[in-house]
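Two complexes are shown next, each including chain A; its partner changes from chain B in the first to chain C in the second.
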Partner chain A sequence: MADDEIILSELSDDELVLQMHDDLYDGLREEIEEGVNILIARGWAPYDALTKALVAGMTIVGADFRDGILFVPEVLLAANAMKGGMAILKPLLIATGAPRMGKMVIGTVKGDIHDIGKNLVGMMMEGAGFEVRDLGINNSVDKYLNALDEEKPDILGMSALLTTTMPYMKVVIDTMKERGMRDDYIVLVGGAPLNEEFGRAIGADAYCRDAAVAVETAKAFVARKHNRPNV
Partner chain B sequence: MAMDALPKLLSSRDWLMADGATGTNLFNMGLSAGEPPEFWNIDKPDNIRTLYRSAVEAGSDIFLTNSFGGNAARLKLHNAQGRVGELNRVAASLGREIADAAGRLVVVAGSVGPTGEIFKPMGNLTHAMAVEIFHEQAEGLKEGGADVLWVETMSAFEEYAAAAEAAALAGMPWCGTMSFDTAGRTMMGITSASMATKVESLPNPPLAFGANCGVGASDLMRTVLGFEAAGTQRPIIAKGNAGIPKYHEGHIHYDGTPALMAEYAVLARDAGVRIIGGCCGTMPEHLKAMRHALETRPRGPVPTVELIQAELGAFSSVSDGTGDTSGDPKRERRGRRS
Partner chain C sequence: MVTLDDTVLTEAGLPASHQGRILLIACGALAHEVLALKRLNGWDHLDLQCLPAKLHLYPDRITEEVTKSVAVHQSTYSAIFILYADCGTGGLLFEKCKELGVQMLAGPHCYSFFEGNDIFLARSETEFTAFYLTDFLVRQFDAFVWRPMGLDRHPELRDMYFGNYTKLVYQAQTDNPELDVKAQDCARRLGLAYERRFTGYGDLAVEMARVAEG
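On to the complex of A and B.
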């Protein structure tokens, strides 16, 4: 339908950004890549392209996911489109020394091989501008702690889908306490059988019901952490 | 194996009782976090016999084999992808042994859980791969003497359909449930109404279909009402969790009492559910209370959502996700790309 066709390069900046929000919502990777390239060619700062086009678009996706309007397949497609845009922006962001949102190390706990939810959180966090190191599935305490040493992230995220594996999160947190490093990190936990009470009981900073909530929680905690005076 | 066992029971009785939790029970017997439960079929067969026997003694007409994660995609992560045939065959043959000693007709249902993979284009799983994975498992369960394949906790209908095709390839009758845990829908966005319609489009529809796991008994009952509102004539299965998991002194326990699960069982029967059981957290004492209630409490009218909420507790989300039948995003569109 040629009448309906939108030529991205003919849109004004404001129109293009709104169109990119729509295209992210619809998971159109090529269109997002094209949009990012146009913004950069028009002289946009990479950080503005990231926050105003991609992050703002993924925030809409996240809100509709949280509200039960979008489901996992749509979110995965949106995240895939976002990744296309990020691949273009990442080297530019580093080159321009753009401010970082924060960094997260994430992984599914030992004995648990589920990763759909964990992957979704990782993608949404990237969509929100965070740097993410994904440790994959079946992570022992040592693997988590090594990654914390290597990456020095703001946030540790742990996921479990089984009632048999969720107690392992406490093992990780207890070990962090023993080594006097618990308070250096924001610890977020999630997974189908978890709940807020469980998060509190094991000493996590927060339980996140879904990927959208994880992003909101991460932003709030990182903002708080950055406002804290250095001691 | 008796392929007519379940049809026979379904045609002779109003309701049948299925079993409760597998994982929760095995965990209580000392299964450690991270150990694949299926290994116990070989390593601790007496524990698996105890699991099956406890369900039968509590009054279950159907019990599921310890093979939920016994497909190559899941076992691969424990480097045991070469043991699919063995683990499933023994899961079923231990079940056969217990069922045949029960003194009444008890159905051995071969549990088939999800692969944990996502279908293309979002993931890497293809239909052909999924069918092959489920078929391998189905042959093992058949060889061990399962009466029926029991596909459960599915989120994607593509995966459910692949398991159906595997059942056909193995020449097995099957039942299949999905898990409605995300704002009334499955994780992949399937509504109760859409599942009820889609099962009829399969070349070999299941003997019975329904919901398991998810978020507590209230939500599960609302899903059941959704199946019925879609006008299905097919027998419905309800296998809900005994409440929600709570953490207490290093252990996880589910907060649903036997009394609550008995109430749930009666409401499910009154709603027209033909196969009623539990899922996570449902222990033998819950099953006994359910059986007793099903046998002694008179049949009531089909429950309303208000009654379900009053008896079983609040729903986890406002809507069951079925109102928006198009499944399209509700967001205003700015324009269309060609």
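On to the complex of A and C.
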């Protein structure tokens, strides 16, 4: 064992949480899993471990990605580490009843197989307390609408990486309008070639440029929706 | 004859030679093909400036760099044509070109116009699990795919990137057995099936002929 090796179990809670932020940043999945297990063994509520250690750590990763300090490979490694921690916490969160922010159905549009951004958004939304039903890739309008009928979510999230597939988002939104269900959902869209103007033009509620923005936007829209008087 | 270095085309591009009255502003990834078409057709009145091909790693910068280049050159050429397709700019390059009064290539990207935009569009219904490489991208696979994706440092990420793809399609602009072998190796490294498809220069040749006659 190297002299300078950090023994996670010997750290205080505060030191451990900071170390976990560093380990997430470095994409160290095993260390994150170990850190989560230590926090739980010390009596931490699963929700606190999720938000203070994992989500706070991923928020730093997200900010540095936005600022051009980190790049996609590093974010993927961090996400993979967070996934390891989430796998431990998920059953505990269900058992202990964590606060629920709302529900989201999310998927990549028809003809598009890219899911890295969509997966990151789904994970960060779960971390923020949203229940997420992930439809995967290559989703037709029928698949989206069936999922909305089944899940009755607050939010529909659509993702596309290609200029050729992003117009399909409008097909989905237009179909929702035709069926008189558009205003029942908050529609968030994202993906590398999109921009705010495109989001507005297709009738989405918002374009989200990254996972952190998606979470903040979702929280704001859900809060607004819940504050709306029933008329 | 201009000697082209792919690393220079990737990192720095190619300056205009200031010979010819029509300037083509192109992606560095197209330099070989554009110069070959110029040579084959005797289009000496066309000049070529290439922006660094690595801009494709940051498509949000393409529109800005094209705009700068048009501003620098518009007073010294009778016409300028942009040899970029949309290339991940989400329609912003098209809007900017309209504003600047210059024309650009049709289609979403080079994979499409090399194959022919109509054919590519028709195929895209069933071929959306294909990962495409052109001659340039086969030669520059490590610089454009392997290293930027971090696969040299973290090969375990491969399936997070490519797990949903099924095959690599090498769109060959030229008949080059060495590139065929290299492209097969690229497919192996990505864990994908392999298909070589000869496209030639596709719509690029058609558009350049139109510009040359204009």
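Assorted remarks:
In the analysis below, the second predicted complex is superposed on the first by the 209 of 231 C-alpha atoms of A that agree within 3 Å, B and C clash if a C-alpha of one lies under 4 Å from a C-alpha of the other, contacts with A are read in each partner's own complex, and residues count from 1 in each chain.
To be clear about the criterion, a contact is a pair of C-beta atoms (placed from the backbone, for glycine too) under 8 Å apart; a residue touches a chain by one contact, two chains touch by 3 or more.
These numbers come from a predicted model, not from an experiment.
When the two complexes are overlaid on chain A, chain B and chain C occupy overlapping space and clash. Of the two partner chains, chain B is the only one touched by A:202; chain C is not.
In the superposed model, A:56 lies in contact with neither chain B nor chain C. Once the two complexes are laid over each other on the shared chain, residue contacts for A:138 go to chain B and to chain C alike. The partner of chain A that touches more of its residues, comparing chain B with chain C, is B.
In the overlay built on the shared chain, the residue A:18 is in contact with chain B alone; chain C does not reach it.
In the overlay built on the shared chain, the residue A:28 is in contact with chain B alone; chain C does not reach it. Once the two complexes are overlaid on the shared chain, A:73 sits against chain B and chain C alike.
In the overlay built on the shared chain, the residue A:5 is in contact with chain B alone; chain C does not reach it. In the superposition on chain A, contact is made by A:163 with both chain B and chain C.
Counting contacts as defined above, chain A residues 71-74, 76-77, 80, 111-116, 137-138, 162-166, 192-195, 198 meet chain B in one complex and chain C in the other. Looking at the complex, you find that chain B touches chain A at residues 23-24, 27, 31-35, 74, 77-78, 116, 118, 121-123, 155, 181-189, 244-248, 250-252, 280, 317, 319, 321, 329-331, 333-338. The touching residues of chain A, when paired with chain B in their complex, are 1-2, 4-6, 18-19, 22-23, 25, 28, 31, 60, 64, 67-74, 76-77, 80, 110-116, 137-138, 162-168, 170, 192-195, 197-198, 201-202.
Of all the residues in chain A, the ones that touch chain C in their complex are 71-74, 76-77, 80, 111-116, 137-138, 162-166, 192-195, 198. Touching chain A in their complex are the following residues of chain C: 59, 86, 88-92, 108-109, 121, 124-125, 128-129, 148-151, 153-154, 157, 160-161, 164-165.
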